[in-house]
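Two complexes follow with subunit A in common, the first pairing it with subunit B and the second with subunit C.
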Partner chain A sequence: MIGPSLKPVPRIMIMAASVMIIILGYTYLAHKQHIKNPKDKTIPTWVQLKEGVEKIFEKNKRSGERWIVVDAQASARRLFLGLLWGIAGAVAVGLAIGCFPVMEAVFAPSLAILAKLPPTAALALFFVMLGTGTSMFVGIIVVGILPVLAQSIYLAIKDVPRELIDKATTLGASRPELVWNVIVFHVLPQIINAIRLQIGPALVYLIAAEYATAHIGFGYRLRLQARLVNMDVVYPYLAILIIFGFLMDGVLKYAMNRLCRWYEYEGR
Partner chain B sequence: MKKVFVWLSFFAVLSFLLSASPVRAQEYPAFTLAWSEYPSWSTFGVLHEAGVINGALGKVGPVEEKWGVDIVLEEMDYDSTIQLYASGQADAVCITNMDILSPSLSLNSVAVLPTSTSFGADALIVSDKIKDFNDLKKVNVAGLDLSVSSYTFDANLELQGENPDQYRFVNMDPATAALQFQQGALDAIVVWNPFVLDTLEKRSDSRVMFDSTSIPGEIIDMVVVSQASLAKPQGKAFASAVIDAFYELNKMLADPAEGDDTLIALGEKFSNLGLQSMRKVVKQTKFYSTPEEALQLLEGEQLKATMKKVVAYCVKREIVEQAPMVTFGTQQQGNLLFDSSYIKNVMATPKE
Partner chain C sequence: MLNEIVMDIKDVSHSFGKGPKRNRVLHNINLKIREGQIVSVVGPSGCGKSVLLRAILGTHPPEQGQIVVYSGLQNEIANLRLKPDRNIGIVYQRYSLFPFLTAIENVAFGLMLDQTGILGRLFHPWKWRKMRKGHFAQAAELLEKLKLKEAMHRYPSQLSGGMCQRVAIAQALIMKPRILLLDEPFGALDEATRAELQDLVLRLYIENTSARQKKQKPPYTIMIVTHELNEAIRVGDRVIGLSMYWNWRQEIQSFPGTTIVYDKSAPVFLPEEPVDYSKLQEQKDEIAKAVFDPAYCQDRDEFRKFWVEQQINTTTIL
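Let's turn to the complex of A and B:
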């Protein structure tokens, strides 16, 4: 960055102010909408939002379950399975095409094509191949994130300095040693960063699929409540997604600090 | 010298803006109608294509000119039209008598025009495997939850003396459910047209187990205007213009010379089923094609019983937290008002 870094106090104050602008902006919008129609539900006031939050967390009269518990369980299972397979696949494919020219020729073109495919527009394809069970949600996340993730790993490997590889080879490293001890560790920080950036898209794919076919989960609740114009439920759900995103980000940052102590980067 | 030039151009722009505004004031007041593709709602899209009304802002067709309003058409998917209407960004919306209940709690609404009723357009389709209700209990029945689909399902089961809670109705987008059923992944779906006809055509071992013909006049497609918009200057003329235009299209449909073309135009975006199937579609989605038919519905006793039943269903299924106040006639209170006076107004106004 250019210029001296800010002192802690003004820095925190400026950061707080920028968040306040979002909160005040929303409050103003809600206020304006309620002048027009005092009973408006499309941009709920904070009081209305509080009622919505209560609805989300209280035991449902009919089913005896809490919306947030059942939805979070269902969506989290789909998301984490999708992330797991997507990341595992991407690391395997990314390493393979980054390290071995044959693999590059086999996988790189199809990856480049798949990376440009918006899976949300090809939902029908996933229904046909994977039905509408958990595997469909997992599949759509995998197809959504794997190509991009594999490509970033591939590009990161191409950036591994030639001299590192030459040095290791000169010192007598075997092929597997070269891949594991030099390349994997060198690109690990980039892998973690790429995963951080793919959490958002993974959520988008999951919600879109749940919008179309799910009787439980975040996407289901969001669509249903939006159709009933219960935005007091919809916005808290979105807030929960944002908080979840931050948590995931935090976890991955922490993992990066623990696993990649040799790596220096600005956001540390 | 430079400064003078800046000031001159400033005044030039200002005077241009000022001179522009009176022209705008002379234009007709604009009202937005949000609609989605459905046989009796696509009428507005067809009317626009036929030049009877002009859905663009600032442009008017003959019907709009007659009533002195500018109808702006906003086409989007059904869920979005409801939100656009509820947020006050649209003055009117094409919606069913069931789905309007929740928005009407926050935005007092007036049903000014019933356009059609489902008479077979919502159906439970099953495969060969399902012989009776006992078989049905064992499988997942897929359809859009808390919608006219789940209503059709529950109402029919209750008519047969069955308890809907003993069945497994699972939420699925109708298009997805139809696709899954056609591929053999499901054995029972509740969907609406065009998916009903499409599915029956594409899977040979499928049949309709029950449909909305057993609950005639209970699922009503209509045009709803917010009370606030009706209170705006020319608001009532807007409602009248929409009604007038709708009956213009029905006349086109009834006309032997252009009826088929109009029907094909109606079906074009809605489905790719062709003329024969579209004939079936409009039988299963019965249009209230004349003012008389609409008045019969709006002023009849059956509508009151229907709305009581639909409201009770929505409360039971927690679609609404409290029952909206549904009123009939011309009283200006209540969340949802069925008002026949706008249709009467159109009937009383001579043709130009």
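Let's turn to the complex of A and C:
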């Protein structure tokens, strides 16, 4: 960055001001829209939004369920499984192709092709191959994040200085030790950063798939409520997704601070 | 008889590329290094010092010839250098330390890799923890000896360049390698830190001398590659000059590669001793002429007098 970094107090004040501008801008737009049409639902007022939130948390009289609980449970399960398999697969494939030339020759071309495939465009393919159950949502997330994540890990491994590998060998490291004790530890910050960057795309793939096929979940609810122009429900759902994204990012940042303290000291 | 030779480089030649683009780098390198020697290797830029070093390390085995490292045991089978292993330690100018380990962890890292395996560490955690304590104690002792007590728990990015190199030397020495390679280790350091680290190497020389006096094996054999002539002469007790400037035309049609054109003992000026600059300058001028002067294309044996000076027949010390 050019110039000195900001001190904490002015930095926080500027950040708060930027959020305030968005809130005030929204308030002004909603107000203006409601002067034109008092029953408008496209830009709900804060009071309408409050009612929308109440609707989300309200117990359904027939089923006895709350929208937020059933949707969160379904989406979280799909996202968790998708991320789990996607990250585990990417780490395994990334390490294999980064460390072993034979694996590089086997997997690198197919990964390069898969990385160019937009999973949302291939939704039909997922329906046919995986049906419309949980495995379809998990599959779309895995296919969406695995190639990019694996390629990030592969490139990070390529950047490990050759000297460190040779040095570890002179210290008696075996092949598995080179992978685990040198390479994994060296690229762990890049792996965590790459996962952080893939949380957003994973959510996009999940919501897109739920939008198209689900009977429950965040994407389903958003599609349903958007059709009815119930933006008082849509906006809180979007806000929940944003908060969820921040939480995930926070957890990964915390993991980075705990596991890769050295990376912070390097000023990266 | 015990083997006093630590490393034997036999008829090593190396070139890169094929056909008309073939680039000859090393030609007929023959070098025996005896236990306890501190050998400086000098040469013009691009003469192949690093290629030789990589060949010795085992990362790039030579095209022709052999590099053999002896363990010093009786009737041993020599260890041919085909890949890096723990017989040779290395300190690079850059990337000498693992950035994700603290200084003490860096030094203890080799002990861990050498004495334990992944499965052992995983399935015998209590035994491993006990061993780990011992490794840290050894590492701490060595770091203290190198005046790095205060920096033990810092990461490499929190250390100065000189401190990093001292930790890197400790990391290599704790493994007791048969030979320690230093690849321009002090090249990126300021003058004062460089002198301090040269003194560190000279203190290892003193330990070698006292071991010899007690009729023991000298513990440290070091090969230091440097472009600094003062450093080469001051730190090494033997200077090797690699050069492309030699009278190859008398023997061969096309340039066969760099070879050893200088091999003589060097005066050692211990840390507390005054440096005899006239002696140093005399040898510096000789090396400059023999190794760096393209106009002075001499017979390549003219300055290769080390074993003659020592009055040793190399065949008898094996």
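In this section, the second predicted complex is superposed on the first by the 264 of 268 C-alpha atoms of A that agree within 3 Å, B and C clash if a C-alpha of one lies under 4 Å from a C-alpha of the other, contacts with A are read in each partner's own complex, and residues count from 1 in each chain.
Definition applied: contacts are C-beta pairs under 8 Å (C-beta built on N, C-alpha and C of every residue); 3 or more make two chains touch, one makes a residue touch a chain.
Small disclaimer: the values here were computed from a predicted structure and weren't measured.
In the superposition on chain A, A:C260 contacts subunit C only, with no contact to subunit B. Contacts of A:L171 after superposition: subunit C is touched, whereas subunit B is not reached.
When the two complexes are overlaid on their common chain A, residue A:Y220 makes contact with subunit B while staying clear of subunit C.
In the superposition on chain A, contact is made by A:V182 with subunit C only, not with subunit B.
Of the two partner chains placed by superposition, A:A76 touches none, neither subunit B nor subunit C.
On subunit A, the surface touched by subunit B in one complex and the surface touched by subunit C in the other have no residue in common. Residues 161-164, 166-174, 176-177, 180-182, 185-186, 188, 260-263, 265-267 of subunit A are the ones touching subunit C in the complex. The part of subunit A that touches subunit B in the complex is made up of residues 33, 36-37, 39-43, 60-62, 123-124, 127-128, 131-132, 211-215, 220, 223-224, 226-230. Across the interface of their complex, subunit A is touched by residues 57, 59, 83-86, 88-90, 92, 94-96, 98-101, 109-110, 113-114, 117-118, 155-158, 171-172, 175, 177 of subunit C.
Subunit B contributes residues 79, 82-83, 86-88, 99, 102-103, 105-107, 145-147, 170-173, 175-177, 179-180, 183, 185, 228, 318-320 to its touches with subunit A in the complex.
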